[in-house]
Amino acid sequence: MSAASNSTSVAMRGPSRGSTMATTLIAAVLLLIAVAAPFVLYPVFLMKVLCFALFACAFNLLIGFAGLLSFGHAAFFGGAAYVTAHVVKEWGWAPEFGLLAATVVAAGLGLVFGLIAIRRQGIYFAMITLALSQMVFFLALQLPFTHGEDGIQGVPRGTLFGLFDLSQPLTMYYTVLAIFVAGFALIWRTVHSPFGQVLKAIRENEPRAVSLGYRTDRYKLVAFVLSASLAGLAGGTKALVFQLASLTDVTWQMSGEVVLMTLLGGMGTLFGPVVGAGLVVTLESYLASTSLPVPVVIGCIFVVCVLVFRRGIVGELLARLPRRGH
Amino acid sequence: MPDGMQTKTARTGTAMLEIADLHGFYGESHVLHGVSLEVRQGEVVTLLGRNGAGKTSTMRAVMGIMGKRTGSIRFQGTELIGMAQHKIPRLGIGYVPEERGIFSSLSVDENLTLPPVVKEGGMTVPQIHDLFPNLKGRGSTQGTRLSGGEQQMLAIARILRTGATLILLDEPTEGLAPVIIEQIGVAVRALKARGFTIVLVEQNFRFAATIADRHYVMEEGHVVDMIPNDQLQANMDKLHTYLGV
Amino acid sequence: QVSDNVIRIGVLNDRSGIYADLAGEGSAVAARMAAEEFGNKVAGAAVEIVVADHQNKADIAASKAREWVDTGGVDAIADVPNSAAALAVQGITKEKKRIFLMSGPGATALSGAQCSPYGFQWTYDNYAMAAGTGRALYEQGKKKWFFVTADYAFGQSLEEETTKMVKSLGGTIVGSVRHPLGTADFSSFLLQAQGSGADVIGLANAGGDTVNAVKQAAEFGITQSGQSLAGLLMFISDVNALGLQSAQGLMLTTGFYWDMDDQTRDWSKKFEAKVGKKPTMVQAGVYSAVKHYLKAVEAAKTDDADKVAAKMRELPVEDMFAKKGKIAANGRMFHDMYLAQVKTPAESKGAWDYYKIVKTIPADTAFMDPKQSGCALVK
Amino acid sequence: MNAAPNDDIILEARNLTKEFKGFVAVKEVNLQVRRGTIHALIGPNGAGKSTVFNLLTKFLTPTRGQILYKGRDITRTKPADIALMGLVRSFQISAVFPHLSVLENVRVALQRPLGTSFHFWKSESSLYDLHGRAQELIEAVNLTPWANHTAAELPYGRKRALEIATTLALDPEVMLLDEPLAGMGHEDIEGTAALIKRVAADRTVLMVEHNLSVVAHLSDTITVLRRGEILAEGPYQVVSKNPQVMEAYMGTGGTGHA
Amino acid sequence: MFSLLGVPPQVLFGQLLLGLINGSFYALLSLGLAVIFGMLNVINFAHGALYMVGAFVAWLLLTYAGVGYWGALVVAPVVVGLLGIVLEKTMLSRLYKLDHLYGLLLTFGLALILEGAFRHQYGVSGQPYPIPAALQGGQNLGFMFLPNYRAWVVVASLTVCFGTWFAIERTKLGAYLRAATENPTLVQAFGINVPVMVSLTYGFGVALAGLAGVLAAPIYQVSPLMGTNLIIIVFAVVVIGGMGSILGAIITGLGLGLLEGLTKVFYPEASNIVVFVVMAIVLLIKPAGLFGRER
């Protein structure tokens, strides 16, 4: 039993019910800011942040609420980007179907990964997902349709539902925002659903959940597939935004990056991954024009987070807020 | 009772363990509030008290495996507070933790021989097998595959091997069948006869009464009473109130 | 006539990853050297060089390029090794009408199917490296080839181009083996190559893969046994990394070598003083491309991309990098390439004395005929 | 023992045997638990009680033999599934969900029969209907003042109580308790024993326990195991007089638990 | 001449031999990883980076101190081991009480830093490292040319592997280490200086990586990226062997080297994937790995 409780302590408690109101309020304010943002900030940058934020949120669903660290989420993100890019560019599908295809393929991939990996926990799970995603990487590299290191380029953004011309930056932006909000809402709902409750229980004490009659593997599998699908949706969206799909997004370094985003923002908090993604993307684009070696800086942040800052930014903030309830 | 145990030169009467005004903390929480007690060479002393009274914490404080400690713990005159953790057992103190601490990645034999011998005069493996026949022939079984009671026996046995002169036993009878409890009682008396000094935490004071010289009663992190065993009957009512029976 | 009165050139490349040695900071230095030759001023406007690290990620390259164009007032983007990144930038510069001076990327699509009126592929391309080497070696009498190919689009196309060339000349391919990207141990493949009886083992891979393959070929005594090793995409930085002991005898094609004439030696010395290494062809190419671009701006007296691009095509390229170079309709800059053989340690007279130039490959045979490139700009 | 009418037997083991690499921990055990009784399993250490218990709750697979629950063969059924059939176990070490509140702990068990446990699109508020029942259960184990505390904050004895409440939430027909009193202080033992007695009123309980006085007080039938085999079976008064049992288990008396 | 699936037997022997050589690298690296995992419960993501550091230390010694291969073979592992001890003392040791995942994340960060720093300092193309004079040349085995250096690598790494296995499985040391992983406080209470022991173990584990780095230097380029991809394969090896199993790591390392060698002959495109495929299959059949114990 000590092993079970060990492997769960990574995940932190979500906000208590008492703070749900506050969360709603914060969400509304953030949404307003997001709507106004493209008039102040560079839309492509914002879209990138949103894509990664959704990716990180999807990842967080797994680590933060099911206690499973996947070190292979890049496979879903990057794999789905290829799918969208391919069906939209080569088969001429409409963008909404491109995204749907990405989500479905990622879900399928998630199911396969899940069936293999879900039987182990903790680091075992992390290593297995890592190895499996590495397999996807080699496939992406070697299959002809991905065009090797060139990637799939010049993906047309197309017209959403035949109505919205996505080549307009603002239209694209609001589409991405809508996708993000929908994805985020789904995660929120999941976390606060009957399913989410069982998930938390499993994270807390798996043998006990079994003895209560829950087939825990299935719950974990559903969570995994859900997380993979949303990661896929994020990847597909990114392919549309940048009009390309490339190997970068399937490398294991990308899996590491999403861990960093989540860790930095705060695992197991709803907004943490969003903040983390925003910070990491900003940092990367800032570092691009300096002479600092990017990996070293990222590595240092990792180390600092793990050593002294485990709750992440949002987690720290929540912990400092006066505790209410009880 | 096992034979062949070397007789120690028992100088009953000198102070073996002296604890004075011991305070102990787990992180922020202050759990020991000035424990003071004394154990003389060759004595068997029990710590009684309700759940959470601080019995285990006192033992952990002696072993140095507790966050912060203040006050004084002297073993044969040597101050233990401030001493490196791994040096304390080497002075000749053996500890049997309440959760038994059998290692699942080790076989029974490996568990048995794990603690280094710190003094001469410890029991040999055959003597241990005589004392706890359940352990015989199970040497290659994975430690935690033993039944709960067998694990308890193993936990005690491995300390007897080390030759430690002061043995701290935390709830040695928990989860044991009455016959085995009796057997442990016999073993404790035998150890005492050989000059070992024993401190034990017990919930089961009927058992404690059969082996101990004195009883310290703890409540909320300090010692509230000391009852010599021969006065136990007379103090039964008091004890019942302490223990909430 | 120059927008915001500054000519801003963005050097966008890999500054920390696998292309950092062949491009990286050296490319930025080369661009600055070019600007300095104009006193950092053309057509009355100041010339400014900005740099960024695309970290080998196409999306970072794309967003940086967009940001530069949209908010940074950048008129031209230079270098961009890594063809995924370059293709992404090509799309943006085409849409936003900015000059793109490619020295780093080798994908032929950049002056082929994905060509742009504003995109100029300057230094080399995979066709030139592959077909050029194939032809040159054939002419040296090496007719039987075996390929060790990195198993992805890039490696396959190198193999394909070389094969086409060798076959068209009458040579034969005796075998090939595909290895995954990032293979550390090549002994197994080399053994197969050794057993094949080929004259040349063509390494259709790049970077670390090529370096490891060459190194292990030396270990297994392949070159000593009479077979030639040809690196289909190798840079002087790779040879430097290998050391002559391992690299000796290797054949490769290059667009530039520092020790060709006084001009190259002179420029390379200046470069080395700043960077601490001799320039690679990519870095020298950045210098040449930026210089030509500035010349065109000076001549056109504007930074308007259409006019500058027209001027660039009109003016001959004439500098220490390219003699009598000219730009074809597809954006390919035609200049002579060279077949080089790596010297033995005994032949080498000192640091960076690495190549024997075996043969000059004339510009028109070195590069693909623009008509066959698939570029829509070629009528 | 006389063969009882069949529908009276809710849980039955036939010739149950478990071997561990040549070591026979449980040998040909035939055990019948009658509906509505409290059945205790005692025996010296290493007798095989926990192993029998784990076999019955499917956390181990028998080497040979058969387990019948309400006449159905459940020898190969998965642990989660037997819980669904109404056979629920507790753990020797307290098993709560430490970071959920007491209420949520109980609710997790209550929500299972709703059949919405996979519904990730449904609101948590769909579970609020269960609060009434949860409060009742919490009340039943005297945890009402703690209802909104996280389980980790509870003292040991309360955790055991919570565990029992959670188990009861499933409304099991048979409860299997593994040393439910181990490690408890005197003050908690009595309370918990009373609680077991209370909840056993309309269900069947099978427990492993060393605390003889509690066993004597609670159980209708006692099975004594020794070296993997059944040594004796019957009510306490009978079993405790059995000389073999005295020799193997109770000893000469006097030092047993209070 | 008869042949096997179109491959003459001589060639096959050659390839198997090469596979064994590669396998011995995998074995050495996964052994270090398994020691660290088995004893500390830390997945040492920095293992690949420390392997690289080992190779670099050898190169630096040669270039700046004139210390040759044989000296480096001793000095580099010691340097890497000391570096490991410092990392363990200052960082890893704070994480043991937490979830094991934090160890993985910390070492992931460390790997990024180490690789990034070397990349920044020395570029990515790598540095040449010559084969020591005594081991140059090779033997013609008839079916293949076996460079002396490769033969040496096999002998050296197998010796180290089995020596380590013996020391850990057959001596008291292993029991201490395993016990300390489970319950360090208690082992400490038996009078064993656990923190020092743990530091030394980590130091030893990474010293093995450093040693592998020195052995690799003359074959592969001494490059900051040399450990990056290798480490993932080694992870897979350790998972297949059963995490924490010392013997499992050694045997699986060798076995997969052979398997990979065969794949390179029959279906080279898949030679990088084959390890992962095997992993997936093994996990489906035996979730704890071939030699692993279910925990």
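Letters A, B, C, D and E mark the chains in the order given here, with residues in each chain numbered from 1 onward.
One rule holds for everything that comes next: a residue touches a chain if its C-beta (ideal position, glycine included) is under 8 Å from a C-beta of that chain, and two chains touch if they have at least 3 such contacts.
Just so we're on the same page, UniProt names per chain: A, E = Branched-chain amino acid ABC transporter permease; B, D = ABC transporter ATP-binding protein.
No experiment lies behind these values; they were computed from the predicted model shown.
Using the contact threshold fixed earlier, the set of chains in contact with both chain A and chain C is E.
For chain B, the chain with the farthest CA centroid is C.
Note: centroid distance chain B to chain C, computed from Cα atoms, is 77 Å.
For the pair chain A and chain D, the distance between C-alpha centroids works out to 42 Å. Centroid to centroid, with C-alpha atoms defining each point, chain A and chain B lie 52 Å apart. Averaging Cα coordinates per chain places chain D and chain E 48 Å apart. Residue positions of chain D touching 2 or more other chains: there are none. Among the residues of chain A, those in touch with two or more other chains are 138, 142, 293-295. Multi-chain contact residues, meaning those touching two or more other chains, occur in chain E at positions 116, 119-120, 269, 272-273, 295.
Here the chains touching each other pair up as A-C, A-D, A-E, B-D, B-E, C-E. On the side of chain B, the complex with chain E involves touching residues 63-65, 84-90, 95, 97, 101, 103-106, 110-111, 113-116, 118, 162. Per the touch definition, chain E reaches chain B in the complex via residues 172, 175-176, 178-179, 181-183, 185-194, 293, 295.
Within the complex formed with chain E, the chain C residues making contact are 16-22, 151, 177-180, 182-185, 187-189, 191-192, 194-195, 207-208, 211-212, 215-216, 219-221, 237-238, 240-243, 245-246. Residues of chain A touching chain D in their complex: 1, 5, 13, 186, 189-190, 192-198, 200-201, 204-205, 207-216, 218-219, 222, 226, 325-326.
Interface residues of chain A, counted against chain C in their complex, comprise 42, 44-45, 48, 138, 141-142, 144, 146-151, 153-154, 238, 242-244, 246-249, 284-285, 287-289, 291, 293-295.
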